[in-house]
Amino acid sequence: TDLEVTHWWTSGGEAAAVAEFAKAFDATGNKWVDGAIAGSGDTARPVMISRITGGDPMGATQFNHGRQAEELVQEGLMRDFTELAAKENWTGLINPPTLLQNCTLDGKIYCVPVNIHSWQWIWLSNKAFADAGVPVPKNWDEFVAAGPALEKAGKIPLAMGKQAWQQSGALNVLMAAIVGPETFLKVYKDKSADVAGGPEIAKVFKAADDARKLAAKSNVQNWNEATAMVIGGQAGGQIMGDWAQGEFQVAGQVAGKDYTCLPGLGLNAVIATGGDAFYFPKLDDPEKSKAQEALASVLMSKEAQVAFNLKKGSLPVRGDVDLTTANDCMKKGLEILAAGKTMQWTDELISPDTTQQMNDLMSEFFSTPSLTAEAAQARFAEIIGAAD
Amino acid sequence: MADRTRPSGLFKNVNAKIASIPMILTALCVFLGGTLWTVVYSFTDSKLLPRLRFVGLDQYERLWSAPRWLVSIENLAVYGVLSLILSLVIGFVLAALLDQKIRFENTFRTIFLYPFALSFVVTGLVWQWILNPQFGIQHIVRSLGFESFTFDPLYNADIVMYGILIAGLWQGTGLVMCLMLAGLRGIDEDIWKAARVDGIPMWKTYLFIVIPMMRPVFITTLVIITSGIVKLYDLVVAQTGGGPGNASEVPAKYVYEFMFRAQNLGQGFAASTMMLLSVAIIIIPWAYLEFGGKRRG
Amino acid sequence: MTSVLVKDVSLNFGAVEVLKSLNLDVTEGEFIVLLGPSGCGKSTLLNCIAGLLDVSAGQIFINGKNVTWEEPKDRGIGMVFQSYALYPQMSVEGNLSFGLKNAGLPKDEIARRIARAASILQIEPLLKRRPAALSGGQRQRVAIGRALVRDVDVFLFDEPLSNLDAKLRSELRVEIKRLHQKLGNTMIYVTHDQIEAMTLADRIAVMKGGLIQQLDAPQAIYGKPVNRFVAGFIGSPGMNFLEGRLEPRDGQPRFVADGLDIPLATYAFDAAGFRPGPAVFGMRPEHVGLNSGTGWPFSSATTVEVVEPMGSDTLVWARLASQNFTVRVSSERAPTVGDQIVIGFDPLRASLFDADTGVRL
Amino acid sequence: MTSVLVKDVSLNFGAVEVLKSLNLDVTEGEFIVLLGPSGCGKSTLLNCIAGLLDVSAGQIFINGKNVTWEEPKDRGIGMVFQSYALYPQMSVEGNLSFGLKNAGLPKDEIARRIARAASILQIEPLLKRRPAALSGGQRQRVAIGRALVRDVDVFLFDEPLSNLDAKLRSELRVEIKRLHQKLGNTMIYVTHDQIEAMTLADRIAVMKGGLIQQLDAPQAIYGKPVNRFVAGFIGSPGMNFLEGRLEPRDGQPRFVADGLDIPLATYAFDAAGFRPGPAVFGMRPEHVGLNSGTGWPFSSATTVEVVEPMGSDTLVWARLASQNFTVRVSSERAPTVGDQIVIGFDPLRASLFDADTGVRL
Amino acid sequence: MSNSEASAVASPAVFASSAGVEPHGPRPRRAISRRNVIVYGTLLVVAIYYLLPLYVMVVTSLKGMPEIRLGNIFSPPVEITFEPWVKAWATACTGLNCDGLSRGFWNSVRITVPSVIISIAIASVNGYALANWRFKGSETFFAILIFGAFIPYQVMLYPIVIILREIGLYGSLWGLVIVHCIFGMPILTLLFRNYFTSVPEELFKAARVDGAGFWGIYLKIMLPMSLPIFVVALIIQITGIWNDFLFGVVYTRPDTYPMTVQLNNIVNSVQGVKEYNVNMAATLLTGLVPLVIYFISGKLFVRGIAAGAVKG
């Protein structure tokens, strides 16, 4: 049975990864009809939501699990997979368990998590630092210190795309790394405006101010263009999630040799358990419903998990898979994961509305040198105070 | 003598009414209904899906305290005024030049008009590239030896709207020129002759006689340009995505993003309502002038 | 003295030759009317004189000066257009003064000229109004005023009255005539209304196909048209034409056609004299008598077919030699349809044309 | 028998009342001309009769049938428009057959009717052409043909000749007259050309401001206009009007004005008889004699101001009681400008109007 | 008049004229007059501004990637390659689909043809009814319709999703066709209304006397004489619908995506380095249909605008 699957995985590494799923699904005798929408989740989600609410749902669709599909589930537009989950014992397999919790509403499971994405990485170009004659930094502070040297060598210290989600993502990464998960959760889970406006977070905005200066000359839009600058050695580093790793891989670079990755910016090695999940809208056609189940099983299957996550550069959601083939950086992630040093990420904590406001703020912050860190923090506190 | 009674009003012209059903439905259900629906839901706290939980003016308060919205409004105002004036001026000047009984008129006209055939997405992509400092004009000029030359409108928050304007004008002035040309061709030839006999220089004839006579054309053009300006979206998305920062945000983009991306329909509807309101302020007096007075048939 | 001299002027629009080596000599103070059917080149000629069209060949002199290459404004002409061509967004005063301001005249001079033109044309109360707020006749007066303030020697009018209704037209016609008597300027006036031509002109130039057919005083054109075209074009109702032959009989020239035999003893032939052959006999309806019984060199009986009362006169349609023939009689003596009548005329009043070339014999 | 009856018809465009409870009774076979200045509602009335406009009040009967709410095609009318309104993309034949095909007539009947109309109007050679390839007169003939083939009782003409030049106009005028004589249909004909009205009509309805001012035979309207408007509207050149007073003197009614004293003994007053007071004295230019010296009940000396030759006649402008006064004389006896002349007339021919209401006295 | 007389008439001023010859015949004109320099100069400069992007697109699409990275965008290609065109048309990838724009092209055709035909049919009938068969309220509906021309599309996206869902056409091609008809209606109706208003009313009256009804007059009288305005409408609609992105992406599903959506996918699916040459080729390919239509019928377009659009 043909099943249309929509997602926004269109960059090189991503497309290669998703092809693994498709292959596995096609092997079950069904057919994966690819509905990639380019751009980013921001472009694709409106289309997906319109189609679901418009009564023309696809067979399955990617969302970041968390709150993006919350209302669709509440409206009863999504299929619940509690039975299948029980049959295949997802509860036991999925690690960390928060992943499945994010898919659960009123005790029912509505989505299939497929990977763990962690934002908290900085990717460094060994070549750039060699060119500048400074050692590859081991944490954010060293990186900031190395900035002038890189600049002198004609490099852009920090590569950063000009899309708002990258900029606010960077802020969150800095926050998690500098003030630690507890304060992070106080801000995003408890939505404490006091903390958000407090001295702890002020340090974060100070760091963001540094990042802003380091990235001032970075003139690209897309995250993978920024990654390309790191790969090519024109830029020193990039704060980006683990999906960036796919690009390094496609470019044939070797972790540790050509590039270096620092989880938690080398300050606070914790991994957020955000990630992607597939949701399955309710369909009338029983054939397709069956295909949906098949797809859900495939997504959770060991082989598909391994193949997909290797290509994608993310971590598998099953605790029982063997990733001996994983590279350096992935292994680092796996270790942290195994140590249980995980935390929730913003997708799960704040609504898209708040995310949008944050994006707006950070995009303004990064492009407006006259907006001081203090002023930006005050507005940040306001947004957090008003968040739902 | 069988006196027929006056036929009932409903069945008079019944064919015309049947034929107008698509129009009536569109007008009532889509434009009027959609507008009212939007306005009503702008007073709710609808998120991903519309729901009738009224929160009064909350959405509007938030809207008008959002820096991004204020920037959007300001940008649209700047872009709107400039694009209106410039496209009228450029369009008229081009039309006037083409009206000089020149050779190759067809060629020139086609050249000025062809960008209109291209979508804003295409326009935005091309100009994004030409204005890109690494490859485009800046690069060229620098490689000619002017090392300090800077021309990076799309990367400079202060002038990004002008960068968009360049592309917008490129795409749109051709149509304006066409309209103006049609208007110029409609001017009584005797007026030109009278002005020549009176010894009035060409530019003065245009300025003081012809332009005032082309009022209806200018009004039509104005409406077309204005309706395009209000909808400005694709071009910005394709060219800058609203950046750098939010320096080139526009209201239509704000609406779109809050409705679909931020999943805050209420906020999006509130912004839409403000846009509709401003449209109404522009268009109602115009519609009154254009269609209110004259009748026929 | 010659005021306007058009010498061998030709004009082509692309391949179309609109004016064909045309000559025209206008004396100072004369009122010349260019008359002709639509498309014969009247406006084109006027535009050439005004300098609004470049001639293809030939020369134009105004007041003795060769102005062939001059700009319109430097030719000392004023022009009035059929569509008035008023500047719609300026007041009447603005319309009158715009040209003068551009010529850099001092303010008081402008005011003086406007006052004079306004008083001549009696448009003082209208000076502050826009053209849109004027009636057709008033607009036309303003258009004339615009030419007037330029203080020029030659006025050019291009069908200035065509857009007005009959009543206004006859009123303004008299006003233009009075204006000419008062100012004494040279005026060249285009029209295709022959009543206008007859009443206004000192001389009429009848044009056809880019050539002047006849240039003469109105009465001469009316009484002695040089060819059939001119004869048919002038006069309303039109001249009656009978096709037939010229034949000598009893030593006398006669016009014969299908049972008709008109003695031409009193007719003044042209220099070439009488030549037998096919010819066309022309006679104006108002020169034909009805039932007067005696005294006509020629008379014939026939039946009334149509009667057209036109107020004081009535037009009677009958047949002569199986051809249409109209007679204009006073309404009081009009017959009714079907009446037997006798019509008669004096061939002295006739015009004879060559059947082929149409030239007057 | 009544053919068309318009009963108390009113028509408003929004707030503007264009027809004001108008009545008109047309006898079968009659040729009625609606005459009036622009905007008086002539076309509107015709459109109401045709069913192209819905009346606001009143009724319309055609051949005794109340057609007030009928569709145009069911009223038994044919209509001819000023702009010809030929369907540009159809051949002449297509134009003629369009209505018949719509009515579902059989092919041979259509062919028969077209052949008949074409032969009546002599447009057989044109049947295959498009309107664009026809001259103005031919187009108008086709337009008439389109009404003709419908085989209707009532023909409506809306200024059918206005777009033609003077010569063609007078030719087609006669053709329409002949057509009417041949067919004998009822015809209602709108024009603002009074020559057309006078020559064509059995009765003329002079309209003004949505009302019929006078409905009468042409000669009656010309000779005895019911009010000053009708008097001024009919006749070209227009009637002379002198403002003054009616006064009894020496037991005789007289019209006096600024040095003028006209005895009115011969004038036929209306039923109410002679009443002193301000009045307007009207006299047609053609009823005034020039220099005949004796025999006129009234005569007066004056100076010639303007002379307008119009072919056979000449119009002489002079002043009487400081008011403009024109005299129409034969061109042979025309004076020249500045001549001293004596003008005289018989007040029997005059029309007197109330100075305020304009009604004939 | 003889020659000697002519020169007698000519005043001395004539002989003093700069050329030394007596003016006769057409006024002498220099080819490079100041006026011509200004007129043609301005036109040329502006024409370059207008042509520049097209030139850049074409040139870039014919270069190989290495050449693009090194050279500048204005220099002509050293080595012409059609590889980018082939790739853009046939093999460029979005996600897993690697069949370039070719699929989108046919989708666009399938969307554009019915949309254009239906929207023009509806709008021309509307315009005709508004011009010749006014009924109570028709002007009000028209006013609302015109108001609709100003509503940003984004505002209407959601209500239309709901409307289409209610009538069950969401996601189908016909749903998209309806959307295009709706949004094309205001401007097209205005165009047709203005045009039909300028058709002499007497023609319409004559047809009514001839017994033709609403449809008869429309089909047999009005349609055959409105070619110019149909050309304008056709051009506006073809370009508008062909170039549409927003509705295409929102109201269709991936297998029916129009070309513009595919263009966006290809251009924005950055896989490694941006392939500018492929992007430009894709852009050109997408714009080709409307461009060709403009180049072919530009003249009719201007004429049609003069006939219908400018008149109030």
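Each chain carries a letter (A, B, C, D and E) given by its place in the written order, and its residues are counted from 1.
Keep this in mind: a contact is a pair of C-beta atoms (placed from the backbone, for glycine too) under 8 Å apart; a residue touches a chain by one contact, two chains touch by 3 or more.
As the structure is a prediction and not an experimental result, all values here were calculated from the model.
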item: Per Cα centroids, the chain farthest from chain D; value: A
item: Most heavily contacting chain pair (counted by C-beta pairs in contact); value: B-E
item: Gap in Å, rounded to a whole number, between the CA centres of chain D and chain C; value: 26
item: Separation of mean Cα positions, chain C and chain A [Å, integer]; value: 92
item: Inter-chain centre distance, chain A versus chain B - centres from mean C-alpha coordinates, in Å; value: 38
item: Multi-chain contact sites of chain A, meaning residues that touch two or more partners; value: 46, 50, 53
item: Touching two or more other chains - residues of chain E; value: 157, 162, 264, 267
item: Chain C to chain E touching residues, read off their complex; value: 2, 5, 7, 23, 25, 54-59, 61, 64-69
item: Chain D contact footprint on chain C (complex, rising order); value: 37-38, 165-167, 170, 173-174, 177-178, 181, 192-195, 198-199, 218-219, 222, 232-238, 284, 286-287, 305-306, 308-312, 315, 317, 328, 331, 337
item: Touch list for chain D against partner chain E, complex; value: 47, 50-52, 71-73, 77-79, 81-83, 85-89, 98-99, 102-103, 143, 146, 150, 158
item: In the complex, chain B residues that touch chain A; value: 47-49, 62, 66-68, 133-134, 155, 157, 241-247, 256-264, 267
item: Residues of chain A touching chain E in the complex; value: 4, 6-7, 9-12, 15, 18-19, 22, 32-39, 43, 46-47, 50-51, 53-56, 58, 222, 224-225, 228, 247, 250-251
